[in-house]
Every structure is written in structure tokens, then in C-alpha cells.
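Chain IDs A, B, C and D follow the sequence of writing; residue 1 opens each chain.
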């Protein structure tokens, strides 16, 4: 079995054996979005206006919170150093691990987002843009956040530090992601904005795993 | 000088408080940063010197 | 590549030095190791045995001096593809079974996954293939990790405290394995307070130097 | 390779320095409302002559000088010696430029035709903002150098740049907020530049936080290197994304000079440029002080440090 397939298989197995790790970010996402009507107002006009930002920020935080444990478990049991002493480039195993993580935590968010959009009174036409933007945006969030997770893996209680490192890096994705939904809400075309999101995703996926691998090596003391 | 008097410079029309507070805070922050760097440099040098002297004392007898 | 005679060193360590947390662990360490030799890294706790092994395995980069590998058949100068490194952590996830853990490690390290059941039975864990690692005792977990010693394809073994949590028969079994593989040309470098019965070379850390 | 063995002649530095001065002068005149054509033509001629001598005729001088500087900067001991020689000049230069630029801007330059006297805040705001930006760029470059060539000095430099850069970003934010009060009637507005600066400030805090969280200095240095290298890409994308976001919502923009920078009057521009260069030199001073401290600490066991401290 190739390194990519073996790693993907292992990560998916691990995810399925610990379902809390999949369900918790999703649960967080749903709860946070449903807090906003309670905190603000149940009026459809206001909620509709705020919905793109609310759903996107909640998704972003859900992805970020799921990342703290991305490499920590492997670091604690020594599997991470087995990854680092492996021959060959770390790009593929790291990419496989990020793919698995996105499939388990990011994809459910994308699937649930239209429902939350509907509950915050987004028009049905806009829901398409919502899930499309999240489909392009959440993998980028996973990859970018993984750089921070790799750098803080040796730091005990690195959760808050991870947020401090990663949130500024999330700004472009948030701006274009929520912006695309906002534009759709205003009835403007969104394909150009989605294209920018796609470009960010391409950049993140092509360069990100190298940075993650380097971060892991640095954290192990190299 | 553009202003006719020192008090005119101080007041700057009605904008004096803004301009002077901005400059005051900004310059103070920057100065504090440089001063902190200098203070740190001094304490580190003093520490290292003390360490060296202690080592020299230990080696003598 | 020129043919390597049994006596030409495959590992050269030159002026190796490392400090950690304001403390010099070791300095000017130099030795040469050949294929088929067994090296024991000895020293009291906290003298840098684990750090030395991590440097040799390429995990720790903050050191002075040089580590040069010349392993026949290695694809890179770092010889990563010929080194088997077992840290003091077993490297096994509790949620996975012994078989699943080893299969991933095999894919990662270019070792044949088909031989995993045989390797598991060699360490006395026949029938434990599908047992989750979480249900195993500390000694059994260590045995799962050590099962990789029964998989082929590595010319250098770097083992950090391989005998921890292993019972007397297990220690005997692993010793035999180390001797047998060394006779077949594997370079074994390990840390332990346990001295093997056979002829081993020693590196003393802490005070005396190499 | 007999060529590379030839020493760098002294007049090479003269030529290059003159070229730099001419480039700065050209830059200043380019900003002028009606650029003096004669100056541009003569300056361009001079510049091309210098370029010819410096880069076309004797390119190996440049290369040699670069290699030599690189090696000297990379060695802690040489760095300590050179920076010690340089530091007094830098202090004098930055102090002089800042004094002239700030006093000129505060007391001598004419008021803005729309904003009156409040615009004088830009003489601190713009230098601080551009210094913070340049600082992060410098950090990213140091990060690249440290990761690719494992140069210890670059790690030290990152640690030294971050605190001062963060301070400059904070100063830019505070002065921008105070400037906003008489101009927009509020202390804070989600203006594109202020927002970018806020994110830059957070990114500085991130680098400093990571530095402090990791105990091993080498590991902390390399981690900060990677973060600032990733950050430098992010800075660029943030700038574009925030501009786009701002145009989407059509907020007010902090345009001190009117549309496009070219309309600023030279009597306002000159003190601004002077205080900008003063700030850059002050940045260099702050970084050198911190770098020298850190180098002494890290190399405390070596003989040269003991000699320096004696």
C-alpha cells in the first residue's frame, strides 16, 4: 500500500474509532450559530444580514478548535517521531493526514451549513454559494491551521497560542468566504470570488504540507 | 515656523490635543521600547560579567 | 559505490557535541561503527543517551560536529531508508489494533506488511493481531513495537531502552534476535542498563567521554 | 577563479553609495507635483552610468561584497564587532533625521487644506506604519535565510525585530485612531489600512508568543522563522483581501494625500520622508541593540565573549 493510502486509511480508522472528535466540532458549529439569534434578535431581516459572517466565523472556529489534537496524540505516543524518521518526503503522509482530517471534520460542516443558513433566513439561492464557499474554504482553513498545530505540538497547553498564531492567517479566507455569501445575498455574481477562494486553496494545498512537515521537524528538535 | 507663537503651536487651532497626545503616546511607546532594550542589554552584560568573575574566582585557588 | 568490506565503518561520528537547557550533555564525541557490530550507549540518567540516539536517527538537529552514514544500499546520505528507530515511546495508537498500527508503520518505512503476523507470533503475541493496543499490558505494547525487529529491510537498528517492561524470557528472546541480526550484518546501537552477554562495544556518556 | 580573489576596491562602495543616493533623490522628485525634467534626465543619466560601472562592468564586485557581508553577518563574533562600530552612527543618523523630520512636520510645514492641523499626526503615523510593515518583511526574509541556510544570526534577528515591530504597529494604530477623531468623528473606523495594520499587529504578537512558549532557544528561533515566512505570504494576501473587503462595503478611506499619493505638496512630503528614514534607522538601532544582547547571551561560553566583557 502506498504511503498516502496507508496514512489516509489509518487516520480514517482513528477518526471512526473516536467519534467524539468528529462530532464535537460539528456540535460546536451548530451551537455557536444558534446562539446568535438568542444574543441578537430573531428578526429575519437582521439575521439574514449577519448570517454570512455568523456561519463563516462559527465554521472557522470549529475547524480551528479541531486542530489542537491533530498531531498531539501522535506526539504523545511516539508515532510522530516514527513519521519523522520515515524515508522520503513528508509531503504525502502529511497531505493524507490533512485530507482525512478535513473529510472527518470539515466536510460535515459543509454539509450542515445549508441547514444553518436556512435557519438564519438566508434565501435558498444563497445557500448554494454558502456551501460552495465552505467547500473551498474549509480545506484551506485545515491546511493553514495545521501549520500552527505543527509548530505548537511540543508546547504544553498550546490551545490559546494556536488561536493567536492561526487566526490572523485565516483572515483572507474569512474575507473572501463570507464576502462571497454576502455578494450572493446582494444578488451579485460570486464566481470570481469563489475563484479567489479556489486560488487560496490551491496555494494552501500545494505549499502548506511542506510548511506543516517543516513545522513538525522543528517541533521535534531538528 | 508656520505658527505665530508658541501657544499657537500648542493649540494648533482646535486640533492641539489630538496632535500632541498622538505624538506624546507614540514617542513615549517607542522610547520605552528602546529603553527596555537598553536596560535588558545592561542586565544581561552584568549577569555575564558576574558569572565570569565567579568562574575566575573558582579557578584561582 | 565502492564495495564495502565488513570492516569499513558505515557510521562516522565526528566531534559531536550537544547542549540542552543550559547544560552540556556531551562534547567531542567521536566513534566509528561497522556493520555487524553491537554498540551499547551507557551512562547515568540525564547524560544524553536518548538525545544521542535521536541525533543519530536524524530527529535532533541542534548539535555541533557531524554524523555521517555510509550504509550500502541507502538511497540518501541521511540513510533514513536503512535505519530502524525505536524510541522509548512505542509509537502505537491505543485505538488501533496491533496489526493496524504495524501496517501503517510498514507502509511508512518500506517494510513488508505481509510478514506482520509472523513477526507478532515471533514476539509471543500470536493471535493478538486484532486486539486493540489499549487492551494490552505495558510489556505487550512494547513487544508489538519490537515486532518490527522481525521485519526485514533495515541495515541499522537504533533502539532506545528496548528491554523496558519486558520479562526475563522476552529479554532473552530479544538478545538472541540482536545477536543473530548482528551476525548477519546489521549494526545495532541501543541504550540500556542491561549489558548483553555477547561482545558489545560501549559508549559511556557523562564524564569519561567516548 | 583568480577573479574572485581580487579584493573589493574602496571606490566600489563609493559608487554604490552614490547610486543609492541618486535613486533616493529621484524617488523624492518623482513625488513632486511637477517633476523637474532636467533633474530627472540628469539623474537618470548618472544612475545609468553608475549602474554600468557597478553591475555591468564589474558584477563580481557586487557578488563578492554580498558573499563577504553574508559570511561576516553570519558569524556572531564579526556581527558583534561590526554592529558595535555601526551603532553610534546609526543612533546619530536616526536621532538627527527624526528630530528634523518631526519638528519640521509639527511646526514648519503648512496645514492641510481640508484637515487643518490634525494631519500633522501622519508624520508619526505613516513612518510607524511603514516601519512595522518593512519590519515584518525583514522578519520573513530572515526566516527564509534561517530555514534554508540554518543561519543562527537570522534566528536571533527575528527575535530582535518582533518587539520593535509590534511597538511600531501599536503606535500606528493609536495615532491612526487619534487622527480619526477630528477627521471622521470617531476613534475607530474599519478603514482598510487600519484593519491591515491591526492584523499585522496580531501577527507580530503571534511570533512573539511562539518565541516565548518554546523553551529551547534554537527550536524557538526556527519555529518563529517558519511562522514569519508563512506570515509574509499572509501579509500580502491580507492586504489585497482587506482592500477588496473594504471596496465591497464602501467605507471611508484614510486617504491623507487625496486620490493617489502624487498630489502631496513637497513641503509636506520632505519632512515625512525624513522622519520615515529616521524611523527605519531607529528600527535598525533597536534591532542591533537586542541582537547584540542575545548574541552575547547565546555565545556566553565562547572565548570572544569573555574578551568582550573583560
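Basically, a residue touches a chain if its C-beta (ideal position, glycine included) is under 8 Å from a C-beta of that chain, and two chains touch if they have at least 3 such contacts.
Labels paired with UniProt names: A = Heme exporter protein B; B = Heme exporter protein D; C = Cytochrome c biogenesis heme-transporting ATPase CcmA.
It should be emphasised that the depicted structure is a prediction, and the values quoted were computed from it without experimental measurement.
In terms of C-beta pairs in contact, the better-connected of the chain pairs C-D and A-D is A-D. Note: centroid distance chain C to chain D, computed from Cα atoms, is 49 Å. Computed from the mean C-alpha positions, the centre of chain A lies at a distance of 43 Å from the centre of chain B. Between the Cα centres of chain B and chain C there is a gap of 55 Å.
The centroid of the Cα atoms in chain A and the matching centroid in chain D are 34 Å apart.
Shown for chain D are the residues in touch with two or more other chains, namely 216, 219. In chain A, the positions touching at least two other chains are 221.
With touch defined as above, residues shared between interfaces to two or more other chains in chain C number as follows: 62. Checking each pair of chains for touch leaves A-C, A-D, B-D, C-D.
On the side of chain D, the complex with chain A involves touching residues 147, 199, 202-203, 205-206, 209-210, 213-214, 216, 219, 222-223, 226-227, 229-231, 233-234, 237-238, 240-242, 244-245, 248.
Within the complex formed with chain B, the residues of chain D that make contact are 102, 106-111, 116-118, 120-121, 124-125, 128, 163-164, 167-168, 170-171, 174-175, 178-179, 181-182, 282, 285-286, 289-290, 292-293, 296-297, 300, 305-306, 309-310.
Per the touch definition, chain B reaches chain D in the complex via residues 1-3, 9, 12-16, 18-19, 21-23, 25-27, 29-30, 33-34, 37-38, 40-41, 44-45, 48-49, 51-52.
By the touch criterion stated above, chain C contacts chain A in their complex at residues 54, 57-62, 75-76, 80-81, 83, 85, 87-96, 100, 103-105, 107-110, 113. By the touch criterion stated above, chain C contacts chain D in their complex at residues 20-21, 62.
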